[in-house]
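In what follows, chain A forms one complex with chain B and a second complex with chain C.
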Partner chain A sequence: MSIDAQSIDLKDRFADFFYKNLETLKDGLPEHINEHREKAIQSFQKQGIPNKKVEAYKYTDLNPAFEQKYRTYLRPKSIDFDLNDIFHCDVPALDTHVVLLLNGWYYEAKTPQKKLPNGVIITSLREAANEYPDLVKKHYNQYADPEKESLTALNTAFAQDGVFIYVPRGKTLDKPVQVINLLMDEEDGMSQHRNLFIMEENSHSQVVVCDHTLSQRNFLTNSVTEVYAGQNAQMDFVRIQNEHNGSTQLSNFYLNQERDSRVMANTISLHGGLIRNNYNLRLNGENCENSTMGLYLTDRGQHIDSYVHMDHAYPHCRSNQLFKGVLDDYATGAFNGRILVRQDAQKTEAYQANNNILLTDDAKMNSKPQLEIYADDVKCSHGGTSGQLNGDAMFYLRSRGIPLKEAQLLLMYAFAHEVIGEINITPLQDRIHELVEKRLRGELSRCNYCQMHCGDAGKN
Partner chain B sequence: MLQIKNLHASIEGNEILKGINLEVNKGEIHAIMGPNGSGKSTLASVLAGRDLFDITDGEILYEGKNLLEMAPEERAREGIFLGFQYPVEIPGVSMMNFLKTAVNEQRKHRGQDPMKSSDFLKMMREKKDLVEIDSNLTNRSVNEGFSGGEKKRNEIFQMAMLDPQLSILDETDSGLDIDALKIVAHGVNKLKSPENATIVITHYQRLLNYIIPDKVHVLYGGQIVRSGDKDLAIELEEKGYDWLRKETTNQ
Partner chain C sequence: MAKEKDQDKILQKYTQNEYKYGWVTDVESDTLPKGLNEDIIRAISKKKNEPQFLLDFRLKAFRHWQQMKMPDWAHLQIPEIDYQDMVYYSAPRQKAGPKNMDDVDPELKKTFDRLGIPIDEQKRLAGVAVDAVMDSSSVKTTFKEKLAELGIIFCSFSEAVQNHPDLVKEYMGSVVPYTDNYFAALNSAVFSDGSFCYIPKGVKTPMELSTYFRINAANTGQFERTLIVAEDDSYVSYLEGCTAPIRDENQLHAAIVEIVAKDNAHVKYSTVQNWYPGNKDGKGGIYNFVTKRGKAQGNNSKISWTQVETGSAITWKYPSVILMGDNSVGEFYSVAVTNNHQQADTGTKMIHIGKNTKSTIISKGISAGYSNNSYRGLVKITKNAENARNFSQCDSMLMGDQCGAHTFPYIETENMSSIVEHEATTSKIGEDQIFYCNQRGIDEEDAIGLIVNGYAKEVLNKLPMEFAVEAQTLLQISLEGSVG
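Here is the complex of A and B:
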């Protein structure tokens, strides 16, 4: 096997950096977090930064992004102003528990009530690890698999903070938790936060995650989110990715569902330089329901790669994956979706579709749906399409006097609607409709009143 | 209003229209009949501006303007309407949004302000009654899940909303039961005025019992082989297209 000298360098650079700063990384965190670090960095060193030789990364080489120099935030960066002054989420009628992460660190000044009367906890991972050690220990790094994903290994080695949400048995979150990831610095920066959401038996919860870049520097985020949905738990998860073209966003989502649980996850990627979304979903009990959807709108040199691993381990579960994208200019994308139906998972229903509209000849999409089925009584389907807007529909609209541009917009908007329509948080759905329309019109897709314009930044 | 002169059109090298000549004046209803594959739908598509066809010869003047130079949306705004043989389903685009956009584009073209929502709804109600279209249909996506008859009625409904100068109805009657046919014909007759004109393309004479044409043309092999008044349709119905086929071949 040939050895790529550059990536060896890079691996070792991260390992060196790790060992030099190990005490800082461990500082303030209990053993049950820190004990995973060294094993993780070794695992990372074995795997290296993914490049196109790795099957799951066939269309996305992460080395160029990692080779850049970044400030790493081993301690929270102090800022001498109130973030609330420059950032205000602008989704009307959306009432949420807002939690801010600044460059991967929990922003205390914006902390809501940490413990709600019904026992719900919303706080930093750091605080949770110290305050609720048993709870964190039971779930932390139990669903993420550093051995199989080097980005997760890297995150596990370096993670120091993130968001912790706990909804106890039988309880309901009174309103959605909104996690806002802000990236802001006068230098290029890299952050690796780690979220842990524990949704116990019979709980109901909604979580919204928004990603924003607030300054024009290049940023790399390598995050891991672990979600545990207990028996009969119901959870809606919506993520809105809206970062500028100088950003690299690597997101590793691990979900474990127990029997009778239902999780709907919906990711809307409005803007970003390089986005890689890894979804590892395990249906770990009978009668689970999972819907994982994504909508991505890319243009210019943007690249988005979605990777889904849906693991049907028990009978009578239903899963539905729908990923749709509109690619303009010379944007590129990849979709790699794998459905694994284990031998015991009889009566599985698993569906997967990836549909793309390529607006130019230069836009490219690589789609690779995969089924791996070991049970014999299942209903599964997968499929992908990539093409232009429907010519018959275009002509129909134009023959009624609707101009070409407007007809294209109507059709793209209709195409996107199938994903947006599944968002269960109504004010958010309405707002996303608006944002998507603006994005498709090529207008600013800024979704807050902040002074920095993510959408603008991408247009420079 | 419309003059078609020696129109030749082909698709992927196959000539479909081989020299069509036709003149339509204000206040007239023309019926174009002919067997399958004679070029009826091609003619309709070319008039509406579908770009699948190459125009190899001839010209079309509409109100004195060169129609062939205009994009489909410009033709629509100038008052041309095509009722589709196979109306297209467009999931995700609501009828309401579609019609509102279309009506307001037309108004913009005429220098009028966009319609107020209340006025628009009122107009929709009136026009819906004309074609007895189910109210729920306008809450759905364009043609999505509509039955064959609903789709055809929806075409006439759109025609009513857009109030065109020249309507071309491409086999609007095919696949309709007699009740639906009457409703469609009633709609067309109601919308007729001395200022507009209609071209009804049909395979069957049946429709012409309800829409009385001023002129009937028979299209065969890409040419108009015979023109006459409404009696020609009846003659055709009796003798069948074979009669003309023989005559044409003998010539």
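Here is the complex of A and C:
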């Protein structure tokens, strides 16, 4: 069941593969998941794999990544391993509900599904779709938009599994849920998992997602995460991307916020070959608050592209976007953020900033912060900078006897802190501080117990 | 409530404001039939008695244009344009070479008088040399002799083609090639006239050079071409002003402006654009799709664009600077006002290629009524542009809850030694500022005029005196009572 890389047209290749295996894809999943597939693949065929001619992908061509030959598993491949041998999350003092996704499949053997006494459900999407059909049906594919985003369309057509989290009305998650995406295979692989997080009104939750590669093969992940935050819900979302240079990570994050809700999302990208993070955020009620932040540290031939679409549909909402990056070697980066303030969204406060530091003449950064505003009584601003470390600050440090290298590190560390400081899970914040410091020092930012050498793999 | 009523009243008063420059001059025109094909292009070329190279250039451009599709990426709603339903050449008829003002068609003179163009004696007092372009072909060029003494060539494009073909051949299309974009190709194929300006080495123009454009005959597209060449160590300040009469059908204006600045040359190009914006329901108005670009090719050269855009139903243009020479400087100062159903997608491109190049972008957008006003700009620092510096500031002001203000900057940096800064804000006109003025006995309307002029001051200050006054009045007229 592999996709033939020789076919001329990529999108037709995927469509062929889809129709040939439609029955397998549908197998074991109820109609309310499967009914979206065919429409999605048609939409995908219409849009194709995004290339630089698509405005939202002006600085990222995904075709080369998709042209590689990957194996796609339509049924979970059973890999027997002792999780503790190969992977050990080493964030000290971080007590979480761990959920494992192996190559996009919920790994039940090690992390059985949970139904907590207060009604919180943490399970696989597959399981949830069958066991809680009403709940899933109400939210599945309601926030993602396969018509507008071809990667989402592709995912909707192929998605078979993922993580499902449900926090009922008024309940609090006692400790964060930690979703670990592991990629491990003897062959190059593609996975398209789909997560659905439903946080009902007045709930309180924290979710951490970590991406890791555990073998030296090339991987392509095209994931969709849909999050529903009900009225007055509070949610913290932290994502750490730490894959090797041979991986392609395409993540589509769709968030729907209801009235008075508050969501903080932070993404720390330490490593990865090609990363594209799409955030589609909709403030669907009054008095919502959203903060979406990202920090990316890239070197060598890495490429990272962050795309944010912030949709202010109702009045009295506040949003803040902050994306910061350090680009070393011949790394390239792109930022494309858009704040859309609809006509009724009066009294909106929306901010957006993208700051970049280029460490070499070969690094490139393309930034496209955008405002689209149709309401008059608003306060919106954005800013973008691109440059080097502050000369005055550098002089100050040097004049006090701090060596150049150390001064640079200090300043970069301070630069990164603005994003890391916003992470609300303290043990994790401390750990990320440490990882970032290591990363900036040029040491591998892998976790201590990890056998992988992310930075060395897939040099290209 | 009372305040809302007041606002309605003011709004009404404004919308009833008739377009100040709206009328049609009854001048006999020498017009080619509607439509666009190679025959029309050959006819235009023949009428203008053009050399072969220009005809070839036109035909090449036309053939290229036929392969192209009209771009649709702008944040604009453009009704479909039927390029075959347009007249591509219309020249006011006149006796061969008017020797003095008396020979000029009196109707035409009256038009200029109403426009307030100082074309007769007053002009000399105003110190402005005007090359007035009325529907494509130049009518009268003044002060030419005085400029000629200094070696400055300032004439209509067709005259330049006849008298200085070498210069035209060398520079035309060197900044905006006919392959550049859809409208540049169209213009290159059918351009009828325009202005040509050549400043020799070391010469500083003693006065502001100025052109006025008017679109007059019905259904005529205006396709003019301006070419400014500034040799080493020269300086020129060039003004362009536009007004156009009321027409129900939309008229297309696709011009090209090319500027070449050599070592230490400084070119300052100022525009006040006040073409007919359509009526309050969005009917009629000019489509202003212009390609303006300067090439700062010499070391230490400087090109600066200043624009005040209040007219046109749709404005779609990005006056740009290619900073090729080391230490070259590019500037862009813009005030764009949209009201009623006007749309604008305007901004600039600063392409840094030389070392130590600098660019500044100050853009002030004001949207009122049902209009949409977008800033779109590119700042590109290429790898070799060491120590390049850019500062961009784009502010938008919204008046009324039916309009939109948008900012789409593109920032591309490819080296570590450059610094690029962009900031943009969007806000409502300050209620507390209006209140402050009201308290001191300044009524709402005057207060708005005061605030808007203050808001746009940074840009207005960059205009030459002759234009600054007109521009200030224009802003006030455009926005009177449009607060919502």
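One rule holds in what follows: the second predicted complex is superposed on the first by the 443 of 460 C-alpha atoms of A that agree within 3 Å, B and C clash if a C-alpha of one lies under 4 Å from a C-alpha of the other, contacts with A are read in each partner's own complex, and residues count from 1 in each chain.
One rule holds for everything that comes next: a contact is a pair of C-beta atoms (placed from the backbone, for glycine too) under 8 Å apart; a residue touches a chain by one contact, two chains touch by 3 or more.
Treat the numbers as computed from the prediction; the structure is a model and nothing was measured.
Peer 1: When the two structures are superposed on chain A, do chain B and chain C clash or fit side by side?
Peer 2: Fit - chain B and chain C, as placed by superposing on chain A, sit side by side.
Peer 1: Should A:387 be classified as contacting the first partner (chain B), the second (chain C), both, or neither?
Peer 2: After superposing on A, A:387 lies in contact with chain C but is clear of chain B.
Peer 1: So in the superposed three-chain picture, is A:401 touching just chain B, just chain C, both, or none of them (first/second/both/neither)?
Peer 2: In the superposed model, A:401 contacts chain B only, not chain C.
Peer 1: A:148 contacts which: chain B (first), chain C (second), both, neither?
Peer 2: Neither partner.
Peer 1: Report the partner of chain A that touches more of its residues: chain B or chain C.
Peer 2: C
Peer 1: Is A:175 touching anything from chain B or chain C once the two structures are fitted on A? First, second, both or neither.
Peer 2: neither
Peer 1: For A:371, is the partner it touches chain B (first), chain C (second), both, or none of the two (neither)?
Peer 2: Only chain C; A:371 stays clear of chain B.
Peer 1: Report, please, how wide the angle is at the C-alpha centre of chain A between chain B and chain C, in steps of 10 degrees.
Peer 2: 70
Peer 1: Between chain B (first) and chain C (second), which does A:363 come into contact with in this model arrangement: first, second, both, or neither?
Peer 2: second
Peer 1: What's the minimum Cα gap, in whole angstrom, linking chain B and chain C in the superposed view?
Peer 2: Comparing every C-alpha of chain B with every C-alpha of chain C, the smallest gap is 12 Å.
Peer 1: Could you give the residue numbers on chain A that contact chain B in one complex and chain C in the other?
Peer 2: Residues common to the chain A contacts of chain C and of chain B do not exist here, since the sets are disjoint.
Peer 1: Quick one: in the complex, what on chain A touches chain C?
Peer 2: The contact residues of chain A facing chain C are 55, 343, 346, 356, 358-388.
Peer 1: Under the definition above, what is the set of chain B residues touching chain A in their complex?
Peer 2: 48-51, 71-73, 75-77, 81-82, 84, 87-88, 90-93, 97-98, 101-102, 105-106, 109, 141-142, 158, 162
Peer 1: Which chain C residues qualify as touching chain A in the complex?
Peer 2: Residue positions touching the partner: 73, 75, 381, 383, 396, 398-428, 484.
Peer 1: Enumerate the contact residues on chain A facing chain B in the complex.
Peer 2: Listed in rising order, the residues are 390, 392-393, 395-404, 406-407, 410-411, 413-415, 417-418.
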